[in-house]
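Next come two complexes built around chain A: one with chain B, the other with chain C.
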Partner chain A sequence: MNASCRHDVAAPPPPLAGEGRGEGVFTKKTPQEERALSRIASLDAMRPPPQAGEVKQASQQFQRIAEQRPLRKLTLRLSLFATLTLVAAPAHAFIAYVSNEKSNTVSVIDTDNWTVTKTIKVGQRPRGIEFTRDGKFVMVAVGDDDTIQVIDAKTQSVVDSLPSGPDPELFAQDAAGKILYVANENDNTVTVIDLEKRARLGDIQVGVEPEGMTISPDGKTLINTSETTNMAHFIDTSSRQIVANVLVDARPRFAEFKHDSSEVWVSSEIGGTVSIIDPRKHEVIGKVTFEIPGLRKEAIQPVGIGMTKDDRTAFVALGPANRIAVVDVASRKVTKYLLVGQRVWHMAFTPDEKYLLTTNGVSNDVSVIDVAAQKVIKTIQVGELPWGITIAP
Partner chain B sequence: MIRWLAGLIGFGLAATSALAAEPALIGVGYLGVAATRSTLSLVEQPAENDGVAGARLAIEDNNTTGKFTGQRFTLEERRIKEGEDVVQAATALAEKNGFIIADLPADALLKVADALRDRGTLLFNAGAIDERLREADCRANVIHTAPTRTMLADALGQYLVWKKWSRWLLVVGSHDEDKLFADAIRRTAARFGAKIVQERTFEDKGGARRTDSGVTQIQRQMPVFTQQAPAYDVLVAADESEVFGAYLPYRTWDPRPVAGSAGLVPRSWDASQDQWGAIQMQNRFIKLNSRRMTPLDMQAWTAVRMIGEATSRTNSGDVKKVTDFIKGPDFSVAAFKGTRLTLRDWNLQLRQPILLVDGRMVVSVSPQEGFLHQVSELDTLGYDRPESKCKLK
Partner chain C sequence: MKVWLLAAMAIALSGTAARAADPRYPDWPCTQAKVPEISLAAVWAGPPLDDVQNKWKDDARIGALVAKLSARKTPLEEAEKSVKEFLATSGSDKASNAKLLFAGLFDTLNAQRSQVMNGLERVSRKQREAADKIREETLQLQALQGATPRDEAKVEALSNELIWKTRIFEDRHKVVRFVCEVPTTIDQRLFALGRLIQQEME
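Showing the complex of A and B:
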């Protein structure tokens, strides 16, 4: 494997022509830098622990170049902004937690200077990750250890675990932060957990390979998507019974409510669409479709969805298409595609909604999107195969 | 009276939408031969339920979904012993089953297809990889989930060419199917610019596959058989009959890798495939069948899942309706291969990525990057529409 990695030919080619990561960065990298960077990124992606000293050094060098240049410009721009407006707005620092599926770690990112401040060792195959409602803890589903670990946000270390059932992947908590609903991929159930007592309250039988989980803003309806059954199951949270099943396109992975509760958006990874469901009628009332010139249809695999609080703009991660689609919620049309890292999975807004952070599985990094400008402004290297992300409330 | 009737209808509707009292029964037949073939490697020896075990899992998966759609799937298995009339068995199976999964040799499959044509039974060829079933001998009532020889050969060839191992020493067995696989390999070499530097034939002189004397002779025979070859990068073996292929790796005169029927092997599926959520299905399969999943299991699983996908999308168990939907432009199925699988409408062959495996790991998945196609990159594998001789009838 190593030999073939060093072999120039064996490294996968860089992104398609004109596809540098971090499109819309303040500075434009030279084509040479661009190529070298993406090659290093793919080398890193292919080789689990960095080994050969020379390659690692080169990698660090390129990383430095990559980081310094936008940073300098950023500082310049910020100070210019400050002078012009005479308002030295203090930067709002938020803390983002990123689960790294392959390296069994969680990276902690400080959004003030966009750096990784800590890497926390967790169980095997961390994926779904979310802050508790009070912001004191971070829960991370470690699927291969059949549990959800709890990280204390103060000490940034694992302090507890929850009885989740086998192979937990994604989960949702009720508005009060007392009940947790977990999708267990291996046994077609949703497990209900009392967060305070750390006790399992029961299971709900759903379709094959449950995955996506979300709760309606009023807390009354839980939505679970099952990947092989291709349905969104509507579950009454008080009776814990399925009240409706809505067929969507193949391999539904993620569900997101509009903040006004009028629609549920469900992404279908293999179907290549986002279905929009009326949660009262339990009907698909529209679909968002994607088309990117020069990219074959099969590469467009919608996964994570993020919606702004005013319900005007949705962001949809398109997996191996390496892009985030910006969708006008009213017209259900894509207005823009933002190039991010490779195989983009999930995303999280900063609480002020200025930035949107996306996890890029194959390129081992997180892209930072300026939400107002709809531009990618920064790329942060994290662990191997980053998957989920959550930001402190 | 009217109100009473309306109430009754309303009740009927409510009942169907919640949980249909009388689920629609959808019968699936499995038709195979009773004998299992003998392999050189003991660990590759197929189980007696090879194939049907995959169908059984898909029936379970379909029934989990069926709970929500009011459909219930059943599986009826029939194995043909030597000398038994295959048409008679197929006709009996078609009495109760509108869909039949077939693992039959090409001639037997054609006989069955022609006998069942007027009945409207839809056949799925899960076992035969013969090109002619999709070309000159194609049938409008046979869908192929098994890949073809040219798809397998092209998948391997693309990888070898990508590795720049473009000088091939081709070793062909003396049986008909070995020669057919060799034809496919020659075609691949010509398409992708590889060179077959020399061809050798390995005569099957009979003999047992297991002996107490073991490997001592083989260790001497194989180097002698492969010596004095012109310079080559990789030895490609065409040995579907399991006579010599598995004896080649590590025993060639020159230290060269082996591919084709041994070494790096192209397959529709492998027990080690764990990408794209496949781990969930592998786990379900092991739990149900107490063994690991083979390519034939997967080909049968996919066929039954195609039926389930179409019945849930059309909300119908009607064979004609389901057949039309599967053959129509909106059909696709998810099968843990990272992309949606669709049918080639000109010969009803399922498009699919092909795994390249070494017996322990998935080494790569074809189509390889850079092999482009105007319709689907999956059509870079095997005979494409312009070359096809198939006229569906």
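Showing the complex of A and C:
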């Protein structure tokens, strides 16, 4: 009810699902243009050389503008000028894609002004969502359509689909971005897909109802969690065989490697803990527990996990506790709880790690956390039941 | 023909009315899980409210604002604007007013939510009774139709009554499904306003 009538103060209303491309994107007069022009004034002569990512980002923005407003030459030229100056500006303009499980859409968020710039109609029950490593496409698992759809990041529209098994929920890709592993909730398998050919390579039989999915930084080990066996299954990616099963607490939902590969963190939704596994010995070596005064234990349901690149701080989404726990990785202790939104589920860092964005399923919004300050700075209204989130590399 | 249709409907309907997902709440008719009360900690991470208790009721201005913000007919956007305005004009009382306002919203919306949930369970019990009645009358109608000599007037009257009862049953069933969404929208409102109040306090 309130999802349709409530927006962030600065946000233009998101376009309705099914509206034509470009419609509703610039309800205000070209925000990019305004933004960039205001930035020109503040640019000094000492600007740093552009980063590779920024150039790509800017050229994508230019292409979007060119496609969306082909007739307004003046605006186009202005935008081009503005976009080119953006290249040199120390901007944090990233693009986040959020899957909305109930409204069957993907919301596109511009992290420069924290607004929804587009709502893309996708298949039924979109959940797992991730950019391809080259940043050109966004893959989204649409479980009720038994496939993974591919969104072109330039045109922001669905262009293809990948052959998963039935009811895909989450997936993981290898470091090179060539192989995709998909957890199919309904047939106890993990499907292996060649991303270049967009073809199915084979299946791996795992425990009942595979859920969480992650791959080791070296690409040799795939971890798959299963909510019925309560195990993290370690799969050798070359032989595609399970090499170890590690018992964790009830209903494991998500797995995350430390960047130095020394630990795997597995969240247990019903157990209410995060198990820390030594991936060489395949043993649980520690646990993170959570306690929030006044909240029943069963309201604390850990799901998504995010870890900073220096492996010092972890963030754990606690579902209906409506909070993100900030965890000191070394001591495995919670240092702070941040109230975000209702039923917080998954999260993604901006590439510069300045911000962490969380999806809040019941309040239908995305919270923006300032990572250094460990503070929630913004809330963005998206579609119904936001589930997953990915940010352009 | 009409009778067989009715009989089939009655059986199907009684099935839907009797289904309860959570054994703790046999009358709960919704697919959404029943959470009897919203706990304070789920929506509030601000300063403790122990010193506030019921004091919000003593302040007429806050009482009126709580009533306005709690009403579902007040769009959330407008409610949020009112919260901001109220706190912006509170001066040195901002922190205490914020606590009072939230305490009022928490009490009022929790009570509103309980009322809706009790209503849903009451309707669910009535529906079960109605389904039993429909099933019973369907059997009576079948007996009447098989009897010789057949009393056409009675058959007609009873089958008409059954059609009406079935229609009412179905309508209520639809309304229940719609009302099942209401506790969640109340949760959402309380959370959104609580979060805003906390942000404004910082």
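In this section, the second predicted complex is superposed on the first by the 303 of 393 C-alpha atoms of A that agree within 3 Å, B and C clash if a C-alpha of one lies under 4 Å from a C-alpha of the other, contacts with A are read in each partner's own complex, and residues count from 1 in each chain.
The criterion applied here is as follows: contacts are C-beta pairs under 8 Å (C-beta built on N, C-alpha and C of every residue); 3 or more make two chains touch, one makes a residue touch a chain.
The structure presented is a predicted model; accordingly, all values stated were derived computationally and were not measured.
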| item | value |
| --- | --- |
| Overlay on chain A: chain C relative to chain B, clash or fit | clash |
| First (chain B), second (chain C), both or neither touched by A:Val362 | second |
| Contacts of A:Arg296 with chain B and chain C, given as first, second, both or neither | both |
| Partner chain(s) touched by A:Gln342 [first = chain B, second = chain C, both, neither] | second |
| Partner chain in contact with A:Ala199 - chain B first, chain C second, else both or neither | neither |
| First (chain B), second (chain C), both or neither touched by A:Thr379 | second |
| First, second, both or neither for A:Ala175, with chain B first and chain C second | neither |
| Partner chain in contact with A:Asn322 - chain B first, chain C second, else both or neither | second |
| Touched partner set for A:Ile285, first chain B, second chain C, both or neither | neither |
| Stretch of chain C penetrating chain B in the combined three-chain arrangement, among 61-69, 79-87 or 115-123 | 115-123 |
| Overlap of chain C and chain B interfaces on chain A (superposed complexes) | 296, 320 |
| Chain A contact footprint on chain B (complex, rising order) | 17, 61, 64-65, 68-69, 162-164, 277, 280-281, 283-284, 305, 309, 312-313, 332-334, 338-340, 369-370, 376-378 |
| List of chain A residues in touch with chain C within their complex | 1-2, 5-7, 292-296, 299, 320-323, 337-339, 341-342, 362-364, 376, 379 |
| Of all residues in chain C, those that touch chain A in their complex | 39-45, 72, 75-77, 80, 181, 184-185, 187-189, 191-192, 195, 198-199 |
| Complex interface listing, chain A residues touching chain B | 4, 9-10, 12-13, 167, 185-186, 188, 207-209, 226-231, 233, 242, 244-245, 247, 250-251, 270-272, 296, 298, 320 |
